[in-house]
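Residue numbering begins at 1 within each chain, and the chains themselves are lettered A, B, C and D in the order written.
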């Protein structure tokens, strides 16, 4: 983990209330897909965590959905502004376990980290399928970007206005055979994926955070391997260690 | 009193730690010299009060000294930023009582309101003398501006590096005869002026404020005419009503 | 249409927004700025038997997301309020008002309440029990269940108007104090008053306020106020006026979900004189956003 | 040269800056970020007899200029601290550390203190008396002078290490409680712990924290903390570790002027992990600015 002052290069709405922000600066401590950064925003006490969506030549991309005052404030920032960020946070996804044909499953604001992951897996010569779930056609983002690198991209929308009607789990048959699963999304989705897939996999979780780097115990969750901090022992947990608060 | 969003037109250092800020917008409720505005600054709970230094064609000038975090923040603002202001606050100076040759006495951050006052008095055909006191030559500002409109301008500095060495009261003999006194500056200076002048006059006070418009009683002072709120019954008090906390 | 009405001790308010005592004077300063009849009602400046200048200045200091005040109950005294302030208010405000009163002995509270009981403009009497109890050794009336109950009971006997007791947050067990006020005859509880705080002037090496300590108010105290409203709601059956750090429409909703029937807004008026009007105007849209059709439905909704 | 040293119960600290318990883990997370030997010392995570997971999540909420936490004392238990955490800490921190301990009965406090008394790395034992006293009906030990004195006295008998008692601010009379801890044998007082607060999720119509209430910390509480340090300084003769909302070098000076010998920094570490190092580095320049040559000279200077 390092502290870095990142300059906003661009900040644009790419789907309803969803923004892509490109940031420039020292990103050296970002080591893996699935890691996140933690942004200090003027007027807010706590930092805001966002997954790294892409990293190319020190240009870091995040994609965020406006859900509250902090993200609303972010949406008003313009190119040239500088943000104080903690970067290289979290364990990130381990790509060596993926097998030849990993399946990536993302839901809504959980889609972003899968993009950097897909790039890493593809660069290792793997055939990547991505299932990306949204509520409606207007929420869909990065379809083209994923199609540019993945072997196959399946979109699901709850109302059927784009791709398959239904949830990401409704697209599993369509997705065919896969060697491993990487997923990120709302907890209900993770739970459904966990109970439906027939391989091992890695699941990325969200939790309200105090620090983001392991100091405060604010983000702990119980796993079958003991208590873990989502921010530093996670956000990625292995399928085998997950202990759902209520039975899945 | 009205609320107005003012746009910063310029903001430049004109003496050591002293800035002149020009603001554009609706300034209709400013009626008199000696009134003040109250600025909301990002990240600060209370507004910051500043005297109107000049008002020409809806361009409002304030001059402020950096003394703490709020004014430090102000010094970093650039043209184009918009500030939420309450304007037209306070009673201001009454010019009708001045006689033919009023004397204006200002000290440091108390100099600004006297500029708009001088302009008003001159436009009424009066012969204005200004005594402006500073600590040292580098602190002096608006000397030329005052000289452009007043019959006479006397500068005093505590270290003698510009004008007369000493305090504003040391320049009273030099100032010659006067019909009335208007003054603004630190309380110690006001007290000294109060005890030395031989005419009536109006004195402008400062106090820590909660609201700035008469609602909270945060800024009260005792006068010989009862309790007054510096923000709305003042900041200008008549010589005759002032009651010094400790005997002058 | 969103229904913003709430009922406070039998009197229906058009909406729950109530400027808090000490931040709205006797109303007519704000009446110059907007039509204050849009308010639910408001609580006027804490009034005592005799006129008071209050504490020496500085009386105000800034804090992170808040402020300290040590005004010390400056007011013209109850006689002047009746002969001068209320008649002026009558010209601009046509609703019943909350009379906020303070005393330094039980007798003083009783005396003011008895006089104000006769004023038709006064809809409720609000006892500010955060004053130092000079006869009881200097601690505030509101810091023990006993003393709070005694002053409540005594005032109860001299007024038929709804009696609101306003509690100090500087206590370990706010619910216990609220409960004992209820037993002593209070018709409503209003909370919180300011938290005791301090700032120090590093250059002068002395407290910034002439009074040394002052009352902390503003956004900083919102979570403490919300917690206390939540706790008191579980302890009493009478309505609560929730206040402390409210500065926006969502804060009003949070306070009501915690258990407030009406919501006081204090310091925020000082920084943004139009805030109460603006919150009232935005209530219907905000209610729509959260699927609330009758605002009174959400009172205590978070329990 | 500016002299930043202060002496806390006979042990001299290079400077008064002490990361507060619960915001600095057992130190080595921060040791990866900077050399933590620059610190005066630090107080490690509140440790209990048995390992604890703590409360369910969400445990964290944001507030204006502050945050709520309801971590609920997650820690590996005192045995693991001794066998695992302290040996790891030894590799990166060469100064005596403050052992922050919590219990749900007097016996538990005594048990942990007795064990930690034998650890040479432990310079001071800090009793967090803000825990609910399960045997005394659930109220925290720290909310009455009696219970605070009882736990202090009991622990006093099992350790010769300097004993710090850390007080809860959720009380009416902080000075009385501090005084009774002093009488019971405390060598120092540390204050304040968090103020009890709440936030509500408007969409869900329920408290945001799974635990409903949480502890308010951060800049918002600075004026309350400062006031309590000031009051306790006038009531006791033992040194005070002042904390609550400190987030900059000037805050450290204000705390010391109020009466703190050392200054704890909590939540600010979470938002800016380098803040303690940065404050320590800026102390000499800030002291120059205010004409302070020996920092210890200003302790209590505002009285």
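Keep this in mind: a contact is a pair of C-beta atoms (placed from the backbone, for glycine too) under 8 Å apart; a residue touches a chain by one contact, two chains touch by 3 or more.
Keep in mind the model is a prediction, meaning the values are calculated, not measured.
Chemist: Treat touching chains as neighbours: how many steps, at the fewest, connect subunit A to subunit C?
Modeler: Each step joins two touching chains, and the minimum needed here is 2.
Chemist: Using the touch definition from the top, how many steps at minimum link subunit A to subunit B?
Modeler: Step count on the best path from subunit A to subunit B: 1.
Chemist: Taking each chain's centre as the mean of its Cα atoms, which chain lies farthest from subunit D?
Modeler: Measuring from the centre of subunit D, the most distant chain centre belongs to B.
Chemist: Centre to centre, by mean C-alpha position, how many angstrom separate subunit A and subunit D?
Modeler: The separation of the two C-alpha centroids amounts to 36 Å.
Chemist: Whole-Å distance, subunit C centre to subunit D centre, using C-alpha means?
Modeler: Their C-alpha centroids are separated by 34 Å.
Chemist: In angstrom, rounded to a whole number, how far apart do the mean CA points of subunit B and subunit D lie?
Modeler: 47
Chemist: Enumerate the residues of subunit B that touch no fewer than two other chains.
Modeler: Residues of subunit B never touch two or more of the other chains.
Chemist: In subunit D, what residues contact two or more other chains?
Modeler: Residues 61, 63-66, 219 of subunit D touch two or more partner chains.
Chemist: Quick one: do these chains touch in a line, a ring, a star, all-to-all (complete), or other?
Modeler: ring
Chemist: Which of the chains touch, listed as pairs?
Modeler: A-B, A-D, B-C, C-D
Chemist: List the residues on subunit A that touch subunit B in their complex, please.
Modeler: Checking each residue of subunit A against subunit B gives 42-43.
Chemist: Sort out for me which residues of subunit D touch subunit C in the complex.
Modeler: 61, 63-66, 68, 139, 143-144, 170-172, 195-200, 202-203, 205-207, 212-213, 216, 219-224, 226-227, 230, 245, 250, 253-254, 257-258, 290, 298, 301-302
Chemist: Taking the touch rule as given, give the residues of subunit B at its contact with subunit C in the complex, in rising order.
Modeler: 1, 3, 40, 44-47, 86, 207-211, 213-222, 227, 232, 245
Chemist: Quick one: which bits of subunit C touch subunit B in the complex? Just the residue numbers, please.
Modeler: 22-25, 29-30, 32-33, 45, 53-54, 56-67, 69, 71, 74, 218-219, 267, 269-274
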